[in-house]
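Each of the next two complexes has subunit A plus one more chain, namely subunit B in the first and subunit C in the second.
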Partner chain A sequence: MYNLMHLLPEMFLLTAGCVILLIDVFSKDLDRNLTYRLTQLALLTTAIICVVQFPQLQYHLYGRHYVLDPMAGIIKISVIVLAMLALLFARPYILPRRILRGEYYLLHLFAVLGMMVLASGGSMLTLYLGLELLSLSLYALVAMQRHSYQAAEAAVKYFVMGAIASGFLLYGMSLIYGVTQQIHLTDIAAYLAQNDASLTLRFGLVFIVVAIAFKFGAVPFQMWVPDVYDGAPTSTTAFLSSAPKVAAFGLAIRIFGYGFIGIAVDWQGLLIILASLSMLLGNIVALAQSNIKRLLAYSAIAHIGYFLLGIISGTAAGFSASFFYILIYAIMSLGGFGCLIYLGQGSEDVKDIDQLKGLGRKNPWGGLLISFLFLSMAGLPPFVGFWAKLEVFLAVLNAGFIWLAVLGAVMSIIGLVYYLKVVKVIFFDEPETEQKIIAARGLRLGLGLTSLSVVALGVFPSKLLELCRQAFEYL
Partner chain B sequence: MLEQLPVLSLLIWLPLLSGVLVLLGPGDKMLAWSQRFALLISLIVLVLCVWLFVEFDRTTAAFQFSEQARWIPSLNIEYKLGADGISLPLVMLTSLINLLVLFGATTSIRFRQTQFVAAVLLLTGAMNGVFLAQDSILFYVFWEAMLIPMFLMIGIWGGPNRIYATLKFFLYTFFGSIFMLVALIYMGRDAGSFAIDAMRQMPLSATEQSWIFWAFLIAFAVKIPMVPVHTWLPDAHVEAPTGGSVILAAIMLKMGGYGFLRFSLPITPDAAASFADILIILSLIAIVYIGFVALAQKDMKKLIAYSSIAHMGFVTLGSFIVLQLLNPDAQSMAMQGAMVQMISHGLISGALFFCIGVLYDRLHTRQISDFGGVVNSMPVFATLLMLFILANAGLPGTSGFVGEFFVIISSFQADWRIALFAALTLVLGAAYSLWFYKRVIFGKPANENIARLDDVNGREKTILIVLAIFIVTLGVYPQLLISVMQPSIEQLLDFAGNSKLGGG
Partner chain C sequence: MTVESVVFYLFATLTLVGAIGVITMRNAVQAVLCLVLTFFSAAVLWMLLEAEFLAVTLVLVYVGAVMVLFLFVVMMLDVDYASLKAGYTKYLPLGIITALALFGGIYWVIRSEVFGVEQMPEPAKHGADYSNVTELGRLLYTDYFFAFEVAGVILLVAIVAAISLTFRGRRDRRGQSVPMQHQASKEERLRVVSMESGPRQDGQEKTEKKKRIRRKKGGGS
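And then the complex of A and B:
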């Protein structure tokens, strides 16, 4: 009989999700306050269980379908914290809109559950299971704003693209299973250690790389990113652009790092193309955006390019650099979209950069905190984005790709142009109205937390860096 | 008493934290208190600097008052500070100039004053950090962090075209420094440590050296600025508020020169030697061509900005002519010249920008043609400006003479043609400085407003007199500065002279 205690966080979250669903059905609370509080409580409890049960070693459990190691632990905790912050932003956003339903919170719970399963996936089956649970919840979250054409369009695009990506993943996995007769990643690694990789197996690997690139939104599989980020409700975008990326990192590492490290040369070449194209296209197209949500979407593509640099190196140090990058990026992206919610008054959405005009004069603190986030995305010290860039540059230099580091450097100059444009609008432009932004307490808290953590981690990055190093001790 | 304190950390963190405190404080409602607090902090910083100067051991090139702490062990990045003969004078200059800027800002900045005070404090801390950091990544963090307050300072309190100017300033500087970052990471990876000292010791092949040299060159050349990447400077200077121009000219430009001395020469000596010709030619272009450009300016601030570029040409010339000299005395003289020129230009250009600020505050124009006959209504101001203008032209007895003279004398030993072109500055500098003075100060009052001008008030007079005292003191007795620098200069020449190639 298996000891189910290792699954406690997942099981608790699943049970809590079902119970809250029931409570929500019978709740007469029109504001869905109860559901919101219970959701946050469930997430908090799960996080606490994860911290208490934090695995110091690597365990292969339940027929090796389930892996518990420091990396999975960190991913789970960070994903839960990010989801809690995202809900903090989402609460005031959905209140005046017609998205206000209990399901909105519950879908977050199930998405988090999917991400937790994904982070612990030890075989291709569990990975796929986790990914699908995550993706289905996200499709629904994007589609929540039923009455908006744009949101509907975004949802269809996201669903179709996501389904294609899942299909690619499954197809690649089936090819690999066909060749190796193995479903566990450790067995695949063992197979590759003894046998040469056949063409069919490499073919399967290419499909998996494409699927992962789809999920991350790396060029040339980025088409859905701007439309979905722009069309989805802002609070959904904030969530979509943060926590799932961290979980997808888990997927990438389980596959590249644990399963296919033996044929690293094969996927390295593909990732180099993806990374350099993403940095190029993301940064250059972002220059031309006047819609801030699309700007952030293209900047997300560019950041994925930088993030991939660490994985390309194929070493534990490189993976930890990417891990650090994606964690930091998730915080910054959540804050970046969160600030748009902070700026919106009533049920009006903030989309145009011009709507930020004169914020530094009206709300000096809000303006300053938002600028911190954008400057950190640009990779400027003393903010933490700088350390993230430094780590990945170090990783590619170690792998011997000096040109990639130089390309990244040049592209971050271009990146600075559009991030500075936002800071410029905030501080130097005259406000169009004198009306101050009055934001709900949760929004101020969320913005303050994300922005100040960007500063605090920028001054003292060593703890998080070490934690990311530890995550790959068992590679 | 002060020995027990981490003085260098205080020089950085005292202004930084007080800057944050002023931002967090009650804002413009209690402006007077914020300003007094900021002045007090700057005064403390200056006193600490003076203490450093007194206690400084003038017999060794080793880093003094060093501090070291773990910062990011996983990357071997340390919090490492130290002062030597190259950084100490620059730190003193920074602290002095920023105190004066804060002192002067009370009259010239008219809105969001608290934030301006905070920006100056943050800048002071970050700039001190640049000069004191002995770990290259720490250096880089301060180097970039400093841009943010300056960016906001020009953008918020600047002139009509401020946004273009400040974006240009930020992007140019960032463009330069990102390549430096790649070079630093590359070396830190090989050396196993990001300490500047480890980089000076590590062997580098000729190819590596030339790549690293160019990466550094882009960063520092933008900052100094050298031709052809100087175009951000006139824009930034013209649009910046008086305090911003003073800090830019007096301190930020020095960071490029400091970078050459701290990084380029000791870390990539062979590449520096092989590219010295190009650098010398660029310096001469800056001195001669930009001198002519300055002559043609109609805007007072632009004129001083171009004259700054020309004067900083002497710093690069002095630093790189060393590599073509064989006589150790001449080498050391050239280097002394470059460093004295940095300090002296900091004082003189700072003073000149303050003077322009005085005129601008009264008439709100910077066009030279709008002025004339100012001496009739502002005799004290005219006298002080006379001193600064003559120092700018390199009059013996002022600090402006010492640096240029040293560099010209030593470049004679390398090649008389270099010295000839460099010496043209004595004509050109005198021409644009004195002609500017004549047009603004002498003649009949150009209009009624000028006839009714008030002379400098007590505050302005204090600032200008303090700067004048320093300029004359250093001009008469440069040994005061050189005695501090000498051991470090010897060590630097040692590094620059020793090839890193082939076991040499």
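And then the complex of A and C:
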């Protein structure tokens, strides 16, 4: 018999999801207040269980399909917190748009469950299943705005691209299983330590790298990112661009760091191409955007480029730098899309940068908080985005890729242009309308939390950095 | 040549023929029937590998249920296949080049030295008392229980997602829906129109003034 106590967070979340599903069926209230509160409560309780059960060692449990280590613990807690914030932003957004409420919240729960499975995956099987659980919920969340043509188009694009990526992942995994005859990542690592990697194994690894690049949206597998970010309901985009990236980081580390660290040279080369192309294309195309959702989408591609720099180094220090980067990026991206919800009036979406004109005069506090987020994304010193960039650049310098660090630095200077353009529009342009922004309490709370945490972490980054280092003690 | 290899080559050929038929048939119903043939012959191949349970499930679930649903969908939906095939010849060269390159790459990499008979010998045959179902059940509910449960949750999510994307409530009633009316927002019902305000041209201003004066007088008396 297994001791199921270690599985408690997942089991609790699944049970809570099923119970809330039943409660939602019999709920008469169209606003689904009860479902929303229960969903947040379930997430909060799961986070508390995760904190109480925070592992100090690395456990391989349940036939070694499930790994519990500090990295999994941190990923789970951060994913849950990000999902709670995303729901805080989502509620005022979906209410006037008549998106099905109960199902929207529930799919968030199941997506979080998928991310938790992904973070703890110890074998290729559980990693794949976790990824599918996450992706399936996300496809539906993108399509939730049913009468919107754009959302349907985005959902189809996302689904087709995601299905291709999953197919690539499975194909690569099947090749690797065929060569090594092992399904557990630890066994694959042991195989690689004893045998030379055959061409077929490397070929399988290429497919896996491509699949992970698809999921991250790294160039040249980025074509879905702008369309999906733009077409999906903004609340879904906020969720999509934050928590799943952290979980996908978990997938990448389990595969590259734990499974295939023995042939690091092979995946390093591929990741260098992905990272440098992402930084180049993301930053340069973002310069030409006038739609703010597309601007944020291209900036997401660029950020994935910086983030990959840490993984390229292939050391525990590099992984922790990337971990720090992706956590910070998730907060900033959630806040960035959250501010678009904050600015929206009624059921109109904010799409154009010009709609932000004069925000700082009409609404100084809101303008200030939003500017904090954009300045942090640009990587300016008092904010945490600076520390994140510094960490990954240091990691890649230590690994000996000086030209990559230089490219990253040049690209982040180019990136300054479009982030500062937004800040300029907010503070120095004349407002077009005199309308004040009346935002719901949840929105103000969410925006305040994300924006102030960017400032607070910028002043005191050491605690989170320390946590990120702890996560890779068992590499 | 043993009976086994005769069966293998026969059904392997049928699988390939069926698979080619799926993508070349002009008629969609025939394409679905070809897919049925492919699944069925694949099931026979699995049977040769002593995977009886999987073979039976493939026939029952895929051939029996999924493909029948496919047939229903193909027959009920009026799909315009001509428009689907537009641009086919335009992209055909690119498609052929990509397919050949990919096939060449895969063929070059997966040569017999990795997956040949020496590296992967045929698994030993089991005795008559060996039960494939018992083995599968034991593995699924013990070693792989975590993966098994997660797979179950994926099916649940698929149900929730499919219903929430397609269910639109009952449509046969024409009555008012009070909750829907409560949800109506100002943006949908109210249109603010800016009107030009200037002196009126039709001379009604004077009569209105008179009316107002009269009303005042009436109020005073």
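Everything below uses one rule, namely that the second predicted complex is superposed on the first by the 474 of 475 C-alpha atoms of A that agree within 3 Å, B and C clash if a C-alpha of one lies under 4 Å from a C-alpha of the other, contacts with A are read in each partner's own complex, and residues count from 1 in each chain.
One rule holds in what follows: contacts are C-beta pairs under 8 Å (C-beta built on N, C-alpha and C of every residue); 3 or more make two chains touch, one makes a residue touch a chain.
Everything numeric in this text was worked out from a predicted model, so none of it was measured.
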{"item": "First (subunit B), second (subunit C), both or neither touched by A:Ile413", "value": "first"}
{"item": "First (subunit B), second (subunit C), both or neither touched by A:Leu375", "value": "first"}
{"item": "Which of subunit B and subunit C A:Leu113 touches, first, second, both or neither", "value": "second"}
{"item": "First, second, both or neither for A:Gly178, with subunit B first and subunit C second", "value": "second"}
{"item": "Partner chain in contact with A:Leu465 - subunit B first, subunit C second, else both or neither", "value": "first"}
{"item": "Winner by number of subunit A residues touched, once subunit B and subunit C are compared", "value": "C"}
{"item": "Touched partner set for A:Thr126, first subunit B, second subunit C, both or neither", "value": "second"}
{"item": "Contacts of A:Arg101 with subunit B and subunit C, given as first, second, both or neither", "value": "neither"}
{"item": "First, second, both or neither for A:Arg37, with subunit B first and subunit C second", "value": "neither"}
{"item": "Subunit B contact footprint on subunit A (complex, rising order)", "value": "360, 364, 368, 375, 380-382, 386-387, 390-391, 393-394, 397-398, 402, 405-406, 409-410, 412-413, 416-417, 420, 423-424, 427-428, 461-462, 465-466, 469"}
{"item": "Residue numbers on subunit B that touch subunit A, as the complex places them", "value": "23, 70-75, 115, 137, 140-141, 144-145, 147-148, 151-152, 155-156, 162-163, 166-167, 170-171, 174-175, 178-179, 181-182, 185-186, 189"}
{"item": "Residues on subunit A engaged by subunit C in the complex (per definition of touch)", "value": "2, 7, 14, 18, 21, 30, 62-63, 65-66, 96, 98, 100, 103, 106-107, 110, 113, 117, 123, 125-126, 129-130, 132-133, 136-137, 139-140, 143-144, 146, 175, 178-179, 198-200, 203, 346-348"}
{"item": "Of subunit C, residues touching subunit A in the complex", "value": "105-106, 109-110, 114-115, 120, 142-147, 150-151, 153-154, 156-158, 160-161, 163-165, 179, 182-183, 185-187"}
